[in-house]
Amino acid sequence: MTKLNIGILGATGAVGQKFIRLLQNHPWFTIKALGASERSAGKPYREAANWIESIPMPGSVAELKVRNCESAEFDDVDFVFSGLDSSVATEIEADFAKAGIPVISNAKNYRTDPTVPLLVPEVNPDHIDLIKSQTFTADGSGWIVTNPNCVVVPLVTTLKPLHDAYGIEAVILTSMQAISGAGYPGVASLDILGNVIPLIGGEESKIHTEPHKLLGTMTDSGIDFADFPIQATATRVPVENGHMLSVTVGLKTKADASEVENAMKEWQSPISELGLPSAPSFPIHVHRDARYPQPRLHADSENGMQTAVGRIRNANVLDITYVAMAHNTVRGAAGGAILNAELLVEKGYLKGE
Amino acid sequence: MTKLNIGILGATGAVGQKFIRLLQNHPWFTIKALGASERSAGKPYREAANWIESIPMPGSVAELKVRNCESAEFDDVDFVFSGLDSSVATEIEADFAKAGIPVISNAKNYRTDPTVPLLVPEVNPDHIDLIKSQTFTADGSGWIVTNPNCVVVPLVTTLKPLHDAYGIEAVILTSMQAISGAGYPGVASLDILGNVIPLIGGEESKIHTEPHKLLGTMTDSGIDFADFPIQATATRVPVENGHMLSVTVGLKTKADASEVENAMKEWQSPISELGLPSAPSFPIHVHRDARYPQPRLHADSENGMQTAVGRIRNANVLDITYVAMAHNTVRGAAGGAILNAELLVEKGYLKGE
Amino acid sequence: MTKLNIGILGATGAVGQKFIRLLQNHPWFTIKALGASERSAGKPYREAANWIESIPMPGSVAELKVRNCESAEFDDVDFVFSGLDSSVATEIEADFAKAGIPVISNAKNYRTDPTVPLLVPEVNPDHIDLIKSQTFTADGSGWIVTNPNCVVVPLVTTLKPLHDAYGIEAVILTSMQAISGAGYPGVASLDILGNVIPLIGGEESKIHTEPHKLLGTMTDSGIDFADFPIQATATRVPVENGHMLSVTVGLKTKADASEVENAMKEWQSPISELGLPSAPSFPIHVHRDARYPQPRLHADSENGMQTAVGRIRNANVLDITYVAMAHNTVRGAAGGAILNAELLVEKGYLKGE
Amino acid sequence: MTKLNIGILGATGAVGQKFIRLLQNHPWFTIKALGASERSAGKPYREAANWIESIPMPGSVAELKVRNCESAEFDDVDFVFSGLDSSVATEIEADFAKAGIPVISNAKNYRTDPTVPLLVPEVNPDHIDLIKSQTFTADGSGWIVTNPNCVVVPLVTTLKPLHDAYGIEAVILTSMQAISGAGYPGVASLDILGNVIPLIGGEESKIHTEPHKLLGTMTDSGIDFADFPIQATATRVPVENGHMLSVTVGLKTKADASEVENAMKEWQSPISELGLPSAPSFPIHVHRDARYPQPRLHADSENGMQTAVGRIRNANVLDITYVAMAHNTVRGAAGGAILNAELLVEKGYLKGE
């Protein structure tokens, strides 16, 4: 197989750096181009980035000259990953799509666009056919696919088996989110050291809405959204990586904790046979030890791509309660986007020249 | 007013030390006697205790000789505070009550006893008359009063105005609890540094049941319990002091967030006129800044005796959602017990010889 | 005594907020005016400041209209405290001094000026007479006094008794500094959570030089600097308040650990008789428990104005080694400046109109 | 090559678990036997251990039945690693050595024995010939080799090139040590969260003495110790893994910072040609970024086996100052012991039956 040449937009930011780290030895993708703001453009990446990952900057990118995030400068790549800030993603991503360069984006800007797949490969792989309804280019060569908010990933991954088996009636959750979710410099240490902040601006509205699209049904006229209320409180805790969720769920068809646990354990990922390089062997792991999962112990499980579940119990209010946790900047951001790209290669949407 | 002489049982533990700190300049109570396990008995307190409070050990207790926790050794006190471990509290507290020495206890052992008040002065002050039904002594001189679990205190304090105004139908909550709640040495740093532990053993069952007694109605035949389901998930976070709660409530009579906020703000504490030394001027403070409350900023408000509330919103599931926070070892433990004692003095249950 | 009216320059920053907190009930000083950057000027302080102190913003300042940091706008104050950033302090402080408004500054800009006292009242109170050599105004009505770097305060406070008794030959130290020393937002949580950063930009050069002026001798021609080498490594640790120092000292006249401990304990502060409101009863406290001092337990001792010392031992290299700790934003910044002002009132340099 | 069968003594403790983790896929060694205290003996390891590593317990050990730490129960292994507590290591390790089972120990008990190598392969590989002077068995089949204290490892690794090139005259250091160094449960979170503790019991005496043996010269009559004074202050900081050292060194032959940096960079490890499986490619890495090394970013470099150095500067007192950091439970404990065993295999001291 010929490797695809890829670009990374927003390459100097926290998500961009995570893309670089995760792609450094990727079997299918080669980093060919890095894009960042005007301030960085023209400099070698080594100089432009304040590298914050805990591994040394890969030598293969250190000397790459950073480009402006303009499609004209990226004609040598097969597609781009976007870790762009939402303040600039709308225009830049459209520019690339219109130029025939597919965009696999972590930004929120196009998630609610009815023609743009909001994709978690294990949850709604069939949604990728929405791509055909996109009109960025006449020949369909340019398009956008997005991955959801970092809390939504473990949420829908654990709701999916229940939605399929019993139907979801209502969800209440409280998230305890890691600082890496705020990017860099992000949360001031004076604000979070030994503390909990009960607000993450803009987070709850995404949690309230994105699951409905992800769990929706693909129809000829687009996604038929799932329809159940979600109530979220998003808090920040002094944890480096791994968002923890405390979730309580009402089910349409009643089921008890052991049935729900079995539903999660026996659930078959629709992509498990594809052998995608970044796909976890087990997208969901149900812990039996009631002290688990914990972000520091389990965020890196299966290279940060697994959602961990624990404490599945019958609830006194609604039906079932459990905790779930996933790595917010891997599974919930860059790693999720890479898995999206792998599915799109497998399905023939992405290919080399 | 003559000051009452008091004893502290479990004086070397974390709760016992907090009693000493809070009582060091108390206008009504003088620390006369300290009781601890056999290992400590006979030693000066200075030697017996591994002092962990952030103020120097008060000189007035440093040289007190630690006594065994036997009533016969405490005949010079008017009553005792108990910070005993639950593994020994049942027998020791009964021994004191039978000897005619009232016990104001922070232990959980007698909280569910139908004759023992489970007391938060602002919530259910009338429950103290349960004391009359206790049979430890023939003359009623010895009895036990308890304060609730440290999560239950901010929970019932904020539910009380809603219960009175609208009726509670259901409650779902997730707690993010401080490490000081586990005593000393308590939580290992390797377990909690940069981490969240989604289990606190034994905690949730207390949260599920104690509010029903606290919000119950005093009748001739005892407490008529409140009746609504509660679903709690108790987690530990790397915070020193202050338990944070994310609470979602269903109401019997519907009300929106602004009505609920007003109900909390306008709620009149039934003990506000009594001028008890440890009573906060405002038992509930409603923060308007959506980033608040935060344990590190607000746990010490009103000397650690205030419950802070924030983010009151209409909920997509059930009716209302908010966050609440209180100092777990002050308001939720030693300080709460001291306020209980003050109410009992005011109401004539506790007096000097 | 008539209270003096004071202004605070840089009032919205972290140091400015600490000034406000510490001055809220000051017996001698009344906050009359708050100055900040153009962006804040004209707004009520309540709106201009992102309040980060753990007490509510004092009502007395909340509605004060923030002024530009220009002397013309401060003609109603007797003097100003400066918490200005060093990038602007040189010009603004000179402007005030030239206008006849004394400046008690926490900024570093004038610390090395030979006519400006670098002052720790317990260490070098006689240095205040340097003021007379300042030429900002013809009549001597405007002048500047500074306090040292936050590490230097506990360093010189503990070196002073040794310098007097034995003479200092050399000093090696490593500091472990709290995050509050970097202001707000200051250190990114992603950088410091569960980590140590072995560099604090610009810090070591101040530690290498300021002690020589502070321990210098006042002569007719200015300060005759102390002369011994200092080698410092400044590191950042995840602590909220309190800089910890590990210090090893060579002495000119040899002395052992017990002699040094006695020298510190018996040392008489030259200002102890003055009864200055912010002066600690004991500027140095020598802990006997080898686990002490600790920033979380002892930074607030004597309202944050005490330097704590521990583990005084004979050293295998040089002569004596010990640890010292003081609250960096109180004793090491705003509180130190306030004590400087109190000394200057007492000595007649500062007075009301 | 036939793999050697090994046992682990103290297998349920923190060091024992690290041995298991590091050995799980070792090319030369197979875990055959696990020993622990009587309380654990007879149980499957899965039940006996409170597993605290952040990877799942390897399946290969989960069902191994834990044995008593008696040599008679270990006759099926070629040698043992010891992670025993020092309170029991003296007798148990002697028992194994006398039974002809070599002991590669992390315990401190035999480090000062003149016949026992205190070994860091890159520093003093020739010291292994001390084994020949051991008298545990008549035929030399049983013996003990130890690795040093976890602070001493990065200290001697960085001193070695300087000792060779210039001679060491004196060393002053302050360590900032991770909580994992205290084992499990180890440091109470209430003691260390947001804090620094300026004492680690028993640590400094090891730092003061072990380097002299490690940097000593092998002679016919044993080790001729290096002779220079060391002064250490050992502190605990809220870091999970990685001990940071701030070191100042006096040199016999003067050299400046750039010469010292070159000496470290050009230093050739005497075992670099051996290709030992756990040996880092670069035992010392000199960081040029003055913010580095940092424990959270660099403790895992080269699988936790590399010592990182930074901030090499000329010192105002003594000659040279720098910071150094290494993973305390890998390079400084279990990983160091495994590397010792690998060297001993290579040199023919350890072999299969």
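Chains: A, B, C and D, in written order; residue numbering restarts at 1 for each.
The rule is simple: a residue touches a chain if its C-beta (ideal position, glycine included) is under 8 Å from a C-beta of that chain, and two chains touch if they have at least 3 such contacts.
This structure is a prediction, so every number in the text was calculated from the model and none was measured.
> By CA centroid distance, what chain is farthest from chain B?
Max centre-to-centre separation from chain B belongs to D.
> Write down the chain pair with more C-beta contact pairs when B-D is set against B-C.
B-D
> Calculate how many whole Å lie between the centre of chain A and the centre of chain B, each centre taken as the average of the chain's C-alpha atoms.
43
> Can you give the whole-Å distance between the Cα centres of chain B and chain D?
Measuring from centre to centre gives 48 Å for this pair.
> What's the distance between the Cα centroids of chain B and chain C, rounded to whole Å?
It comes to 41 Å between the two C-alpha centres.
> Which residues belonging to chain C are in contact with no fewer than two other chains?
Counting only residues that touch two or more other chains, chain C contributes 193-194, 238, 240, 296-297.
> With chains as vertices joined when they touch, what's the shape: line, ring, star, complete or other?
It is complete, because no pair of chains fails to touch.
> Applying the document's contact rule, which stretches of chain D touch chain A when the two form their complex?
Listed in rising order, the residues of chain D that touch chain A are 54, 193-194, 240, 296-298, 300.
> Inside the complex, what are the residues of chain A that reach chain B?
170-172, 174, 176, 193-199, 208, 229-231, 233, 235, 237-240, 244, 246, 248, 250, 290-297, 310-311, 315-318, 321, 323
> Hey, which residues of chain D end up touching chain B in the complex?
Its residues touching chain B are 52, 179-180, 184-194, 238, 240.
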